[in-house]
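Quick one: structure below, then a few questions.
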Amino acid sequence: MQEGGPIKVGVLGATGTVGQRFITLLSAHPWFILHALGASPRSANKPYTTAVNWKQTTRIPHVARDMVVKECKPEHFKECAVVFSGLDADVAGEIEGAFRAADLAVFSNAKNFRRDPNVPLIVPLVNPSHYAMISQQQVQHSPPLKKGFIVTNANCSTTGCVIPLAALEKSFGPIESLLVTTMQAISGAGYPGISSMDILDNVVPYISGEEEKMEWEMLKILGGVATSDEGVKSFDMHARNPLRVSASCNRVPVIDGHTECVSIRFAKRPPPSPQQVREALANFTTDAQTLGCPSAPRHTISVHEEKDRPQPRLDRYYQDGAGVSVGRIRQCQVLDIKFVVLANNVSIGAATSSIINAELAILKGIITS
Amino acid sequence: MQEGGPIKVGVLGATGTVGQRFITLLSAHPWFILHALGASPRSANKPYTTAVNWKQTTRIPHVARDMVVKECKPEHFKECAVVFSGLDADVAGEIEGAFRAADLAVFSNAKNFRRDPNVPLIVPLVNPSHYAMISQQQVQHSPPLKKGFIVTNANCSTTGCVIPLAALEKSFGPIESLLVTTMQAISGAGYPGISSMDILDNVVPYISGEEEKMEWEMLKILGGVATSDEGVKSFDMHARNPLRVSASCNRVPVIDGHTECVSIRFAKRPPPSPQQVREALANFTTDAQTLGCPSAPRHTISVHEEKDRPQPRLDRYYQDGAGVSVGRIRQCQVLDIKFVVLANNVSIGAATSSIINAELAILKGIITS
Amino acid sequence: MQEGGPIKVGVLGATGTVGQRFITLLSAHPWFILHALGASPRSANKPYTTAVNWKQTTRIPHVARDMVVKECKPEHFKECAVVFSGLDADVAGEIEGAFRAADLAVFSNAKNFRRDPNVPLIVPLVNPSHYAMISQQQVQHSPPLKKGFIVTNANCSTTGCVIPLAALEKSFGPIESLLVTTMQAISGAGYPGISSMDILDNVVPYISGEEEKMEWEMLKILGGVATSDEGVKSFDMHARNPLRVSASCNRVPVIDGHTECVSIRFAKRPPPSPQQVREALANFTTDAQTLGCPSAPRHTISVHEEKDRPQPRLDRYYQDGAGVSVGRIRQCQVLDIKFVVLANNVSIGAATSSIINAELAILKGIITS
Amino acid sequence: MQEGGPIKVGVLGATGTVGQRFITLLSAHPWFILHALGASPRSANKPYTTAVNWKQTTRIPHVARDMVVKECKPEHFKECAVVFSGLDADVAGEIEGAFRAADLAVFSNAKNFRRDPNVPLIVPLVNPSHYAMISQQQVQHSPPLKKGFIVTNANCSTTGCVIPLAALEKSFGPIESLLVTTMQAISGAGYPGISSMDILDNVVPYISGEEEKMEWEMLKILGGVATSDEGVKSFDMHARNPLRVSASCNRVPVIDGHTECVSIRFAKRPPPSPQQVREALANFTTDAQTLGCPSAPRHTISVHEEKDRPQPRLDRYYQDGAGVSVGRIRQCQVLDIKFVVLANNVSIGAATSSIINAELAILKGIITS
């Protein structure tokens, strides 16, 4: 599809956990070619192999081994049509802002811009329609931008949950209430992240800021884009059909894969049956797939009939981590329906989402080489 | 308190996980003295040390080491004023029934008699008032019993949840809806129980029969005992204020201690505030304590102010496992209040409950030496 | 290479842990095609999907899903040029013997025939020369066999250790003493195998029969095949240069990948330096590779320079589990050299070894379609 | 025994892992009373409850809750007859030196002074005779000290191993060679210590500096104190019977308890049999016990006959963690005898050793109130 040859991309936060995942995925990508790696001044000017404490189960890709890591400054990335950011929140705001100001297209995993009213928060299997906000983001920037913008993806625990919810709203209309209890993998906290003393033989029933993120992000993602009479666009936060979300977030001794127990109440009465829910989930297709994003899962939601699935260790590799797994779909005694979702927090929950978002931006013509 | 000297007690299923716990606790009990141990025919006639595959972190108590294990037949236990049963469900029904028929007082951990309309399901920190059913159980037995009866305790995941709920209903009146997601320890499945291949780096979002047990047992425990015009007693299953319970049960790689995320809606409007809930839980006292049960916790519920507690590894030993810990009490966006409960499934969730139940029966005069 | 089209193969013990691994690997094999699956009478006559409790992280291969499982009787496998056995030791002896008697070529993972004086115990990256014993095995069988034989592979903990040892003996001559302490993964015990109650937050310093197996099997594998004056072949058990082996075997809470701390003393004085050892290991090539076995690792031993590698979670996928990783090569204060080996017990330690053994047998002309 | 009432003690590094353990043990000590707590300037002047991130399974002892933490300066500890140090190595050298210079008696867990030729490295169940060095340490100090001194205890992995070795040397004379492979608990690395990403489902075959420590410390501890013709004392490093030690150190996913596989060769020919070794270990008594140290284990070494013990999860609480457990005593094919040792690294491997060392110093009259 790329007549002009491979598209040059950069990675910010290249030595971190999400950065390593970006590099692994991009090294085998059909469209993209790694062009620049950015990290902290401590790592700058070192070959990537020296700078990184590599923690993946595959070797460092050859393309990256000898690349010299640079500081996260726009001048080192100006040839990159796409910049992926795995930066930590404490530096992401400033750096990503500077990159956008330098007219670069930034796909961020950090939380800093997620609540920005002009920045879409896109889960690529759910709301690529929110790309409609990009032109306003560019125009309202001072000075206005031609190519630069920021797109964020969601918190890893939000992503897993929101995909089946989108499928259900598509089939059955608005969801009214949602109770979700998560059991989240340690990799979601980065490296070194969680001390082993805190999680071996243990559960930690708290993740800082996580519940607030889930409760807020779902509204932005599942909501629409409204246009005022003056033509100003805004995210409607699911306002036409208010959605109440209550999240309880836990850390468990699992390496990869967030498991979530979800109970929902539909606006529609009577609500769909478990069997109808099962079918709606199994048949869910996404724009990412139909438009032809190479990193999109061929099948989005794996619906398990086995009574004890999905399980993170067995199911987190479904569709190379780009799909989600749902099981135990049954009636809830308090709301309508309950089920278990499993999503790979380091794939669809992080780097894979950013990459599909970039693929979508290219296919939609928002990024042009 | 025991003028007549120590009370002889027996343990059925003495070589199993719960049986080992009974023996550990009873060997240091101020009232009880181990008199007879029962196990399967395979173990019978062996010294306990030979018969058991001991898996506790303390040594086999001296009193038990050389006791000869017997078959689970009433004639071997006729001197026992109390018989504790840690039998598996596949044999518990028949054996416990035979023991009762032989006029023995049986305190069971098995599920077999929990749904029997004449058998109380007693969590000793919640519903000792259900002992009121014993006389009817004895009279309706054929032939009627003088001393024999069966009391069961609850499933380990039910026990942890129902204690704070009882405290809240005592302070604020009926609860109307309850959503609970459990993260249960592997010891709840006995030994060998869960294969390590199934739980290392994993969560299993299913425990056979567990959700049904929780949803049903809570109603029996939190409900009252009704008396018909004909004087017939029955468990009212919380019927005067119907309670809807929805449970999602998960197994996690934790050795001991069930963690549960609970959301509730009160009948009372407006509902109590988080701070009122905190105080009600912290101040909860039980009959077991005021009557002077030696195994009752001195303080029932530990209310944590730390934002990341309770945690199973750190909090499961609270009150030697006889108390429960509650934390993260906060508002729920969908129901009223949510919080996290931790209970030690092998202590208050199993053997300790049975022992306090027996202590209560003695203090109430239901068992007489 | 296969002019006659794909080679039909069967799997015995198809529903077990090793059997599932065989099926996964064989479903994508360039030469072999799954033709028959055998399991216990309990599973027989069921579709594989129904019979198996699938525990792999990939889905059941399509080729196997609807195959009807058969009893492990030779008549169901007579079209199979190769039969792979993942049978448990309690039944493997009888069944594998019957298959050989029916003139079938059996590649076994079980221990039953490993000590048979006519059965080679082949680690494919070490001693394919032991195929020289096959003709004698066939001739001495009663009645003599035309095509049938049994080849076993080694115990999983032996396999990892013996590969670097073979490399070192090839470069520096005989090893005289060997002390090895293993830290073995739970998957080595099959399913359900180790109870989670035994291994979470624990080490079990004992594996039944394992130390004896390691101490004996290494001698058979690293030794040669001697021929008497009468032309009778026998395994010499490293007798010309006696090798003393002392093994201490431990189970640790790791899912896949056996880590072994090895100390050795060479016969050669002075012994090679750590750097010479490093080079010898890194440069080791095998017949399996040069002959063109499709499942042989392209590179046999990965020598790590990082001071804290190999680690099972990060390195067990090296060469899809067909290679081994060695690190921390340094002087031993008591013997000569010490190092750490990591081998994937379910790949090169089990199914992959059998498959390469079969590939070798085909390339050497021992099996002809 | 203390006529003058309780002995005032201080704890340096009071908020750290070892400090928390000191406080837990000292709060229930029959002789000692907590008088001063020292920590970093960041924690100074805060109540202990506020300063500490408490990670023990018991609550913060009442005696410590409201104590105000001080900076680690001698003037705050001058009333303390004993100062226990759980300081990290990066600050321990300077602070402990300053405390000694202020004529305070310091019992250190840090490595800084272990190699000092005048500082004894005392494992209290092994070499209290090394207290003979204290007078020289005081005299050679500039200016000479009246009461101040430093005693260190050993690295946690050394301690477990050296106790059975001392028992064996006592019975059978010098050991000549020792190969030890450790499987060490995560708590040995402090908090936060090991990242969960590094150890879940994993083994790390490297602990920085650990092998060198074990190989060197054993010589100092098991060696004697020599006196030159000029009356100068020195540690002889086991020189009369040179001892070669080779250690391989691994981190495993275990919370507490270091497991070690040990092989030894005695100087004595023929060597003792496994049964003789078993008896020598079981009968080992120590000065700490006979002198009446209240924290000494009543029985030093638990010899296991079960074939699969000791195990860290089950045996680390033996004698409240003050004793060690040995099992699997058998012949080694390369050296003479091999066995498995388990020691609780946070008890006898750290705080408990320091406390018994202080008790010994009091009983020997080296510390006087």
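Here are a few things to note about the model shown:
When the chains are written out, they are named A, B, C and D in that same order, and each has its own residue count from 1.
The rule we apply is simple: contacts are C-beta pairs under 8 Å (C-beta built on N, C-alpha and C of every residue); 3 or more make two chains touch, one makes a residue touch a chain.
Which protein is which chain? UniProt says A, B, C, D = Aspartate-semialdehyde dehydrogenase.
Here the structure is a predicted model, which means the values were calculated and not measured.
When the contact pairs of A-C are matched by residue number against B-C, B-D or C-D, more than half turn up again in B-D. The pair with more inter-chain C-beta contacts, choosing from A-B and A-D, is A-B.
Between the Cα centres of subunit B and subunit D there is a gap of 42 Å. If each chain is reduced to the centroid of its CA atoms, subunit A and subunit D end up 49 Å from each other.
Once the centre of each chain is set as its mean CA position, subunit A and subunit B turn out to be 43 Å apart. Shared interface positions of subunit B, defined as residues touching 2 or more other chains, are 55, 200-201, 253, 255, 313-314. By the touch criterion given at the top, residues 55-58, 200-201, 255, 313-317 of subunit C touch subunit A in their complex.
Subunit D meets subunit C in the complex at residues 177-179, 181, 183, 200-206, 215, 244-246, 248, 250, 252-255, 259, 261, 263, 307-314, 327-328, 332-335, 338, 340. Every residue of subunit B that touches subunit C in the complex is listed here, in rising order: 55, 186-187, 191-201, 253, 255.
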